[in-house]
Amino acid sequence: MAKYLKNDDLGQWLSELGADYKVYAPVQEGDSIAFRPFSKGKALRIDRHATVGPKEILFPACEELLRFSYQKDEENPGRENIQVQVEENATPTLIFGSRPCDARGFDVFDGAFTQCSVKDSYYIARREQAAVVSIACTRTENTCFCNWVGGAPDGTNGSDVLLTPIQEGFVAESITEKGEALLAGSNLLAEATPEQEKEAKALRAAAHESLPEAPDFECMPEQLYGLFDNMDFWEKQSAKCISCGACTYLCPTCHCFNITDERQGNEGERLRTWDNCMSRQFTQEASGHNPRSEKAYRLKNRVGHKFCYFPELHKGHIACVGCGRCIKSCPVSLDIRQVVTSAKECRLPAEDNDNE
Amino acid sequence: MPVLNGRELRIVGFLCNWCSYGGADTAGVARFDQPTDLRVIRVPCSGRIDPLFIAKAFMNGADGVLVSGCHPRDCHYAEGNYYARRRLEVFKQFISVLGIEPERFEYTWVSASEGQRWQEVVTKFTNQVHTLGPLAPIPEVALSQLAQTTGTDIREEA
Amino acid sequence: MRIGVFICHCGSNIEGTVDTAEVSRIARDYPEVAFATDTMYACSEPGQDGIIEAIGEHKLDGVVVASCTPRMHEATFRNTLERAGLNPYMFEMANIREHVSWIGKDREANTNKAADLVRMAVEKLRRNQPLIAKEFDINRRVLVIGGGVAGIQAALDCADAGLEVVMVERESTIGGKMAKLDKTFPTVDCSSCILGPRMVEIAQHPNITLYACSEVDGVSGYVGNFSVKIKKKARYVDWDKCTGCGECVEKCPSRKAPNTFDEKIGPGRAINIPFPQAIPKKATINAEYCIKLTKGKCGTCEKICPSNAIDFQQQDEIITEEVGAVVAATGYDLFDWTVYEEYGGGRYPDVITSLQYERLLSASGPTGGHVKRPSDGKEPKNVVFIQCVGSRDKSVGRPYCSGFCCMYTAKQAILTKDHIPDSTSYVFYMDIRAPGKLYDEFTRRAMEEYGAQYIRGRVAMVYPDGKGNMIVRGADTLMGRQVEVQADLVVLAVGVESAKNSPQLAEKLRISYDSYGFFMEGHPKLKPCETNTAGVYLAGACQGPKDIPASVAQGSAAASKVIGLFSKEKLKSDPQTANVDIKRCIGCGKCVLTCPFGAIKEVDFRGQPKAEVIETVCQGCGICSSTCPQGAIQLRHFTDNQILAEVEAICRF
Amino acid sequence: MLDKLKESIKAALPELDFVMGWGMGYDPLHATPLYMYEPEDVDNLVWGPLNVHNLAVHLPSLKGKKVGIVVKGCDSRSVVELLQEGLINREDVVIFGAPCNGIVDMSKIRKAVPDAHFVHSVETDDNGLTITTDKDTHKLSLAEVMADKCTRCRFPNAVVADHFVGEKREPTVENDAYEDLESFESQGFEERRDFWMTEMDRCIRCYACRNACPLCVCRDHCVAQSRNPHWVSQRDGVRDKFMFQIIHAMHMAGRCTECGECERACPMDIPVLLLKRKLGTVIHDLFDYDSGLDAEARPPLLAFKLEEESIKEKDW
Amino acid sequence: MSKVKNPYLPEMATVQEIIQETHNIKTFRVTLNNEERMKAFSFKPGQVGQLSVFGVGESTFVINSSPTRMDYLQFSVMQAGEVTTRLHTLQPGDQIGVRAPLGNWFPYEDMKGKDVVIVGGGIGMAPLRTLLLYMLDNRDDYGKITVIYGARSPQDLTYSYEFEEWRSAPNMNLVLTVDAEAPGWEHKVGLIPNILLEENPSAENTVAITCGPPIMIKFTLQALKKLGFEDENIYTTLEKRMKCGVGLCGRCNIGTSYVCIDGPVYSFAQLRKLPNEL
């Protein structure tokens, strides 16, 4: 049961949603686009992919895991008790304007943080209260490859509502019950006409068409294990990498983090912050040993994690959504598609019998 | 709590042990009255002062920073204040681009015998910072989070 | 960590304007502070015992004392900690006296500020590491710079204690100013009779090496191991050959050279031996006036020298001596009185300095001890002494009192009467400063027994009367009237200033000097002959105007400091040195480049270049720490994290 | 000229582990660093306004190898600086230079061509670029989309090169007037602070600015991520982000050649070069020193004079 | 709010006793402040815990007390990084945070009825101690126990105050060794792998467990193979940089295996199947 929203009513609709949700939407800052709390009158930028996706709304770049305070015994200051507090501040949040690939990133997060032996209570608290209204891509950028990794320009995974931009408005479809409620709650949304639906469908089909043909990544785990000790391959692939964190921080699926303490006087907090597996410090041990001391090892682990380890642990789900941000924002334009296809095409040495 | 009832501002002093810290001692011994805003950090030599300590002080809420060392040629370590002079001068000229008035930071030379001069320096600098008033603090959490807690979008106002 | 905080009242010095009980109450809430209290005198014995007791009772492993400046008592309290069994470096001080209680009376602001300073000290202490001093060998030789009476005393005391002494003297003879004096106050005994034997001892002492006509060119190294470059100035006479016979002086045709020993009264020679008792008694050619050296002709001395000692080719020579300690005894110079136009600015031959007069009085002087005035050689009957010429006079930048002019003026008045019984001395003075054993009695004798006319007042003008004499006009402030005195000779009691090039030498020695160029002592009361540079000591007037007994006393004091220093088996280096985190160092070498002491070397660590600190050479300045962009080299106890913690303590609360 | 460049690289290649240059990237608008190991790799070399990267950034990590590098004038100054600091050995690096007409600024292109992410083809010639997207074609003069640093370029030819091909170009300007800085500083102090608050707030702390900087040689040992010393926390407020940029800038004082890689690499388009430009002009005025021109010079902040002609600190 | 337990929230604990083991190793005995929790606390030999010094951070240590002796939880800490340095400044009575137990454990159930060879080097004895005490307290379940423990010098041996207790257990062979002769040292001198070969324990129905510095493990492994041990019967514990300790932060993986939850105990057979990235 598709609905229709006029372009002109979009701001009004988001304001209405603002009554129940804290609404985030993409806005331009400098030449970049990021998701920020929506307020009326602020220009949205939904004509191109946001530079940094909505990941930080559910997985903040920095969050307090806990606050602690050292409390002194009145009588004996040498005796200190420590109070630990956890602030539970998740509120209903609506993410507006994510792309299907962005929304699919939350799928990976769900796998990593909620479908494992120990679950991340902070992420879950936010995820449960989040609604995601995505916009289908009717045009694909040069860096787009969602179809390679199981997504689509109009993919619905991770979204509650999918909007398709058509002439002068959006065709809105609910994906989940939560989405249905979102669409039902406003008079601004009318029933979509068959013409509108047809137009949307055509646009989406064209977007599908515009994407390059998807290679088959079924064999990737095997290929990547086979290439594990081929350091020449990885050194050449990583040669131009400068080990910054642009790719990981902008990636909708990268979920590694760091935990550090800060203390001022008797108070302090334990912070969870985004971390970057391309940095040498990520695995640096106090002893001086580092299992991934060179960038070749780190790129191997990053690609391995996305196309081999994560799929192995999560029913074949590749931990890449093909949004292309890591390519587009890479200071040296390192192209993960090229790394993965090279790995795929690499001929592995014949099975070595000694190697079990 | 340095900002005593609004009467004081936060002024950080970095003094070399051999000359200026001694100069401040000399001023004390001579009972030369001084404003109370300044808090002194003792370092061995003005050459020890990485200008970034000063930047850090400003980031954390200092309203003024005063550095003082031995007069050129008199450095206990022979060369420390020569390096300091270059670095501090560069830093002083740099901070205007950050939006910090250069007058919030001064560096000067006071010897251990110059108690009177120390009194003058402290008084003059403190007055200078008071003329500029407090420096707005730089937020420690993301602005968007600030918006969340205050319920207003400060971006919009800015 | 368990930190103890002790807030000192310092009697009422601190407590008068700081609520110490309140500060200690606030400090109790600071991180890791397990105990805080206020105490009457932290540095006193009961105060220190209290700290030791608290350390035991509260199992403290770090201590903050908030009291006076660490420049005063840091060492005291470190000892206290050591006695209590703690590492002495687990200690910090908050200076709430010189920096708080003494500089303002606002009790609320002071209390608040004191609490902040304590917080800073606590935060710094929390990041301290126990340090253990490294031991190193001592080179038990001492350099004495200056061969005046203070230097002679220091050198002989050291040499007698068995130390090897290197003495450097700028002039061609030792003896300094005292050697020029005729008699000394208040005993009026013969100066050269008491100094001469001491000078001879220097020359003959097996432990003393004397470099006369030499200057210190550069000093490197550190306490226990200094390396000193000495410039032996060219004197154009081979002193190994010169016997001091003086024939060359007799025959030298160049008679315009100034006789510096005689303060430029009386004739000089281009080749000269300063005075008969000179040590070393060697001839020196003044190149500026030597006809051979300036015009290429003459060479009389070369021809007649019985021992072939003349060497016109001689060059300055640099010699390096290794020593473990340095005593600076460079003495003083006389103020250039010619700035006083009212005294003739140097135009009248019969207006002379006190030291010139001393030469006229001296039997070894140019007049053989007969007082003859320079203009016409007449014996003066009326001698006018003017005191405070270049002393206690702000207008010429010399506001300080030179200390001993009152005494020598009295002495010279007495000697004038002795030499010329029918003479009258007039002394224009401001105040008579005679605080010393038998000193005041001495000035009274000059007035009462020798009839010196003391007139309290400034001299307004000295001018010739046109008949070959001078008129001295001044005020008698006691009588409240103008006086004019007809004078045959006017003697100016010229004040003392720091020796020429004192600042330059101070820079070489890395010691401080005051705005007049006098060297700064370690503490005005408690360390009068130490400096802030370990292993460098002061003796005599280089530290400030001093008379002979005081100079000698300080010479001995400096020697005892050196002997004390050298009596240790080994020296301990200050462990607050720089330290390289080898895991963080990228071997860029910026620290090596900027270290003023060459204390950092590049080493190879598993094929990577890394910096390494030579701990006994490191002086702890921290330039390397502020140079290293990775923060890989950190000055212990002044680490980035410690300074940052202090900054935070000020800014965040 | 490109052919000559290729020839000279091919000639030198047998002696080298590899040569770094530029090849075409993921779309016609983006070049990417090209590592030439074999002669056939050299055929992929391109030269033109899309060669935005400063390849000198890789040199310090290649110690022990003998490599070639193709440089623009600005890149070559970074090489000189690395030589000066002893971070590379001159005999281990073979430098190929060619005259540079200027490179593009991608955000200017995005402004001129909003559809830049959908580009189909790009043609470059002496007059500029012709960009064709899925929708239309844009003809842009190079001047329109040129990086700011190129508009004030004083060294279009490599200042150090073993092999220089092509005819040396005249510099664009004789002196950098620092007009951008002047206009920024015509604002009040509060406005400047507000500017940085807004700009820094969107920093994601990816450290692309640092890692793209050819002279940020601490890299894995940067104080930004260390606890000892603990200069910045991992919080995401302006305070720590701004502090890091100040650290970066100050560590570059007297070393930065203003190649602009920090700003170009920033995915969030934060104008961080401005801070370094400020230091550049301060250093120039105080010490009459330009970095990256003389490998033998002693950098100004690791040196001193007993009397500083341009520092009037005693006036205070 | 979700009902999911917060995996990052430590329990508060009190340091009861501190033992200086060597110049840079201290052993901490701690109890959870919540008495109920302390009573109910259970873990298996080989599991680890995260110790928190609030304001400094967390670090992972094996619980080296035995589940059979639950008066306290014991951790041995070698001073290396920021957290360990700070831990070393603690005094009894100080508060810390504990997240435990975490990770897997030694196959102490499967080992029942078998002989056991324990080979430890330096601080590597910590995880082995918990297993050893467990076996000593369930002595009848296990066959012969051989413990080979070595360190650089006698001063570097941890738990020396317990050697008597270990040695006096039935059917137990405790072999101590140091790298070089030292005054007063009456035990073996030599590198651990060599001493192991010298002792020549039978591989028959035997499980070997080794822990220590990487270089020692490498040669111990070779020695064990020489003695006829199969990869399946050789276990070790791994160390990696960890932050969360619960498999979420992403840094301690070897391929698909996260050392913090899938480890730290691995058999060499398991390690061989994982990518070569130790």
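Some notes on this structure:
Labels A, B, C, D and E are assigned to the chains in the order they are written; within every chain, residues are numbered from 1.
The definition used in the following text is that contacts are C-beta pairs under 8 Å (C-beta built on N, C-alpha and C of every residue); 3 or more make two chains touch, one makes a residue touch a chain.
Keep in mind it's a predicted model, so treat the numbers as computed, not measured.
Counting steps between touching chains, the shortest path from subunit B to subunit E takes 2.
Interface comparison, C-E against A-D: more C-beta pairs in contact at A-D. Among the other chains, C has the CA centre that is most remote from the centre of subunit D. Distance from each chain's C-alpha mean to the overall C-alpha mean is smallest for B. Taking the mean Cα position of each chain as its centre, C sits at the greatest distance from subunit E. Rounded to a whole number, the gap between the C-alpha centres of subunit A and subunit C is 72 angstrom.
Distance between subunit B and subunit D, defined via averaged C-alpha coordinates, is recorded as 34 Å.
Averaged C-alpha coordinates put the centre of subunit D at 50 Å from the centre of subunit E.
Per-chain CA centroids place subunit A at a distance of 38 Å from subunit E. Across the assembly, subunit B contributes 56, 60, 73, 79, 83, 87, 141-142, 144, 155 as residues in contact with two or more other chains.
Looking at subunit D, residues 198, 227-228, 231, 235-236, 302 sit in touch with two or more other chains. Counting only residues that touch two or more partner chains, subunit A has 60-62, 70, 78, 80, 258, 260, 262-263. If you check the complex, the residues on subunit C that touch subunit E are 1-2, 59, 61.
Of all residues in subunit D, those touching subunit A in their complex are 25-27, 30-33, 35, 37, 53, 57-58, 107, 110-111, 114, 117-119, 134, 198-199, 202, 204-208, 210-212, 219-220, 225, 227, 233-236, 261, 264-265, 267-271. Only residues 65-66, 68, 70, 78-82, 84, 86, 88, 90, 112-113, 116-122, 124-125, 128, 225, 228-229, 255-263, 268, 270, 272, 275, 277, 282-287, 289, 291-292, 297, 301, 304-305, 308-309, 312-313, 356 of subunit A touch subunit E when the two sit together in their complex. Residues 89, 91 of subunit E touch subunit C in their complex. Chain contact summary for the complex, subunit D toward subunit C: residues 85-87, 217-218, 221-223, 226, 228-231, 251, 298, 302.
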